[in-house]
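Just so it is clear, A, B, C, D and E label the chains in written order, and each chain counts residues from 1 on its own.
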């Protein structure tokens, strides 16, 4: 039942994942070709792939992806800092804990759209507004993950940390962060995916000035133009970036940390 | 540094949280009255509260909230089941683990809007489409939480479980679920808030499915009418429901489980 | 009953394969009380985990009643080393009762057995405590009670009395021997304590620091065994010397 | 040096306040080796945790060098009971070195001390292992090395040798005594083992099952103390009897 | 609420019609059809499903997926869909509303006064508002895309907030009811009227039906057309009564509703104006890749008949399908 990943070679994982991806593409193509769904709404995978590669080749998709990625990166960084601060604050005492809990239960369920007027008032129709919306989407689930992680650190880890003279930020950095690292990582993983989603959604709402839009703006446009192949090619871009980041970034961090320490099987 | 919630009375928590809420309201009122923001965009809290209570009193807000809650509840239930199944599947072996990882890295970052054409094809203009969109929003962060939780269960718990003869679903139910319960709960918490968000967003895009619209549709309409007080009254409803569920549901579950077992401080 | 045949086990540590057990061969007869003695890090736990089915051997075979061991099973109940083997979400009595329930034992008998073994380990006043509310020794005793309550044919015990005071330890040693005779259980018992090995074991297998068998000693002293009895001191010295050889 | 004055401690269990320690009074002199002996669940760990500053006493006071103890501090290094006190994300040597780094000890001296204490506990070959790759006893030894490397004025040790074989245990007992004399450290040592208490302790405090002081015994036997020396057997019998009284 | 989505609902009963309705005064006639149950009046026993939908693209997706038989949309989304292969045609015109470009900046008198850094809000790219702006740009600046870099796509409420905030939105191509609210602010003034940009009158909200529905359900189709015609006539004949029916739907008072229904420039009219003008322009500017050879490719026969065809020279109504200023 319990599988032991360590003995499995990395190559095997890559081959298996590649196989899974190919199967999914094949399945898509098959369904599209079967004609049970209207091709206007469900184009063939091969058509999408073609359009994708054309637009990659001429640089357009890469360009707009970089625009979105830069937004996401900024949003994620700000969120990470705020979420860590909020979580540590909550660990400082009951009052702060209650405060963070109240803030989370108030703001977490609020749709981003709800903050548009506020974002507009504070940041105007600017990049800052989109980053604000991204942060709102990322911070709260991160806070839940981080806080659960901090609260379930084995007591003895903290006690040993206090014993050797660690306090405040040093204790946080030296003991609490590594001890809660499975939660921290899963919070960041969730945050990353959420940031994509809300960046796309926010770009669609806020629009873009002239030609400087990102992927979200592109999706909005292609959807408006009823260019469904274009929309799917943009979505394919998101998927590709998602897989690359998962494999290169998150998996390698996990292998160097929590997997190496046997904190996670 | 480390606070001990157990010694603190529940009353104190409630009083503190009430105080925090009142301060936030007061702050809002103050900012609105200061006139630094256009009142059309940032109405006074008292105005919002008045409208809120009027609409609660005449039953309208309650009615549409119930419509949304019913959507959310269905979406959450389906998501919970699917997320648990996917997570357990992933624990069954490397192939499935890779499959679930690939699915997550593909689908998690995809904005709900991307699935609209597909939802339309599969579920038509029905409640099922909105539930599908909600599920897409909820399942993936849940899977990350659940899977991290399952993977970080102390090995010895599982070994004792296997020793006493537990296998498959019995092992999952009897040992793995309780052992991973802090993660499971935090996944459900995240899911709950996500479900709100995506229900609102989906209703705004899809409109009112069936006869009566929910809160999302109401927000769409009030925004269209530029009835900013109405929009905020609807958002206030979401906040109130959020707080009530956090306090009555999640906190009482935590107190009966992970806090009681000292799995979480 | 239990055949350990030329067993070897290695772990990959920092990319290098390290031999932890090599050429372990012995057999445990039905109804026997068999002790494993060895220095810290000599592979006692690792061997017990292989027999329990929690680790795969790298070479050799382990056979229980002529079946090769491949997975954990209710026919070999293990008391693990350490304090964290209790289910944190169950009370002391819940921890003892739950495995009985899993194994289809009736509610009435479950209650009975739970009470019996709780008293045996001296925890009848702590039935409703959760593990985090227990002392180290109390956790260990609960784990022992849980294993005994299942009355298994083979009991694998990894330093179960490691954190108990002399009095409690003597009581439990006595009780364990009594229960073994009553239920005809076979016991494979890991200890680091020479006195304990002599007091309990019918045979004593001594591990070297390198994870090989150094010697196997028959212990024919009459029971109950006390340090002042003839032959005890010489056996003790013998074992101490064997262990110390390095 | 350390004054324990009429200390009481209670926990709330299932809504009821349970007294775990009552009326504990004793003092530990500077440079003394002080043993706490008592049955499982008698409150030894709880008292040590109060002295360490991890728990608040319910009544009475604990004073160290005339300051009331209120929080953990580097002046009292604790070896906790159990195997899980290592940082899972650091190797064996990392676990020993990190606290030295935190306390501003130079890189060179850190290296030196780490090597010294690693060898002392016999783990020089395991410096790069992570805790999950260690046996129970090896984890315990790492924790001991970590505490010793800090060379603290007061060492609080909670059954540190609980899971070690006789040979290793004897070596470490000897080394601990040597280090204590060298550095003039004060040691407060919890054990459940009568022999260990006699071998190590200048004074031995015996706890009753109810968490009160039953008696305090001066141990004036000459060192090194071996079971066959005059006075050992009678002291042993005396302690065993005191413990057994219930 | 069932999932047999592959077979369009319209083919099952023959007496069933699914209509998508959007929120807003522009769709007032449709609301009247719904409230007065006019389809049922013309086709007793008909099963009418009303789907309240949020946005244009969803209506389009739903029609393409066969979930909706009749939906209302602007002329440009319709044409883009048709261009991409959606099997639908215009079944009725709904009318027009004032479309006006507003700004708060004093120094902007015509569109040529916009500078880089200014932002002009339109609901979407390729929306009617965008087309009108492009037409004006073509006329005044010689390049239909001259202002494209200033365009900002935001919804009307957000654009209005931005304009009233006088910070982020320089100009808003507005429509009722936002137009009315924005004009309440004395500092906001008109830069361009839609009709001036187009060069004549035009209708831009159309009812669109799927070919499948039209072909398979002629009775339901014509019942809908009759119902809609009656609704438009009703609004034009008895605006007070219409306002009374509509007011609760839009959370407005009766007077306000009446005011909006009868605002200058509002015209509920089932005959299309300016249709081919948009076709020409969008084709020329490559918003669509092909042009209908004949009107019948994009409108059903009743619309074609309403426009009429006078041999020899174009009829009056035929003439007003094209733009006066088109080169």
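Everything below uses one rule, namely that contacts are C-beta pairs under 8 Å (C-beta built on N, C-alpha and C of every residue); 3 or more make two chains touch, one makes a residue touch a chain.
Since the structure is predicted, the reported quantities are computational estimates derived from the model, not experimental observations.
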Exercise. Going by the contact rule set out at the top, which chains touch both chain C and chain E?
Worked result: B
Problem set entry | Interface residue overlap between copies chain C and chain D, same or different (over half shared) | same
Exercise. At what distance in angstrom does the C-alpha mean of chain E lie from that of chain B?
Worked result: 38
Problem set entry | chain A and chain E, separation of their C-alpha mean positions in angstrom | 38
Problem set entry | Euclidean distance of C-alpha centroids - chain B vs chain C, Å | 47
Exercise. When you check chain A against every other chain, which residues touch at least two of them?
Worked result: 37-38, 41, 117, 120-121, 162, 223, 228, 263
Problem set entry | In chain C, residues with contacts to at least two other chains | 82, 84
Problem set entry | Residues of chain E touching at least two other chains | 57, 61, 65, 155, 161, 165
For this session: Determine which chains touch and list them pairwise.
Result: A-B, A-D, A-E, B-C, B-E, C-D
For this session: Note which residues of chain D are touching chain A in the complex, please.
Result: 52-54, 71-74, 76-78, 80, 82, 84-85, 87-89, 98-99, 102-103, 130, 132, 150
Seminar exercise, completed: Within their complex, chain E touches chain B through residues 1-3, 5, 22-24, 51-55, 57-58, 61-62, 65, 67-68, 155-157, 160-161, 164-165, 177-178, 181, 250-252
Problem set entry | Complex interface listing, chain A residues touching chain D | 154, 156-157, 159-160, 162-166, 170, 174-175, 178-179, 181, 257, 260-263
For this session: Note which residues of chain A are touching chain B in the complex, please.
Result: 1-3, 5, 8, 12-13, 16-17, 20-21, 24, 37-38, 41-42, 91-95, 97-99, 101-102, 104-106, 108-114, 117-118, 120-121, 137, 140-141, 144-145, 148, 151-152, 155, 158, 162, 167-168, 171, 182-183, 185-186, 189-190, 192-194, 196-197, 200-201, 204, 216, 219, 223, 228, 231, 235, 238-239, 241-243, 245-247, 258, 263-265
Problem set entry | Contacting residues of chain D [partner chain C, same complex] | 11, 13-14, 37-41, 44-46, 81-84, 128-129, 133-138, 140-141, 159, 162-169, 192-194, 240, 243-244
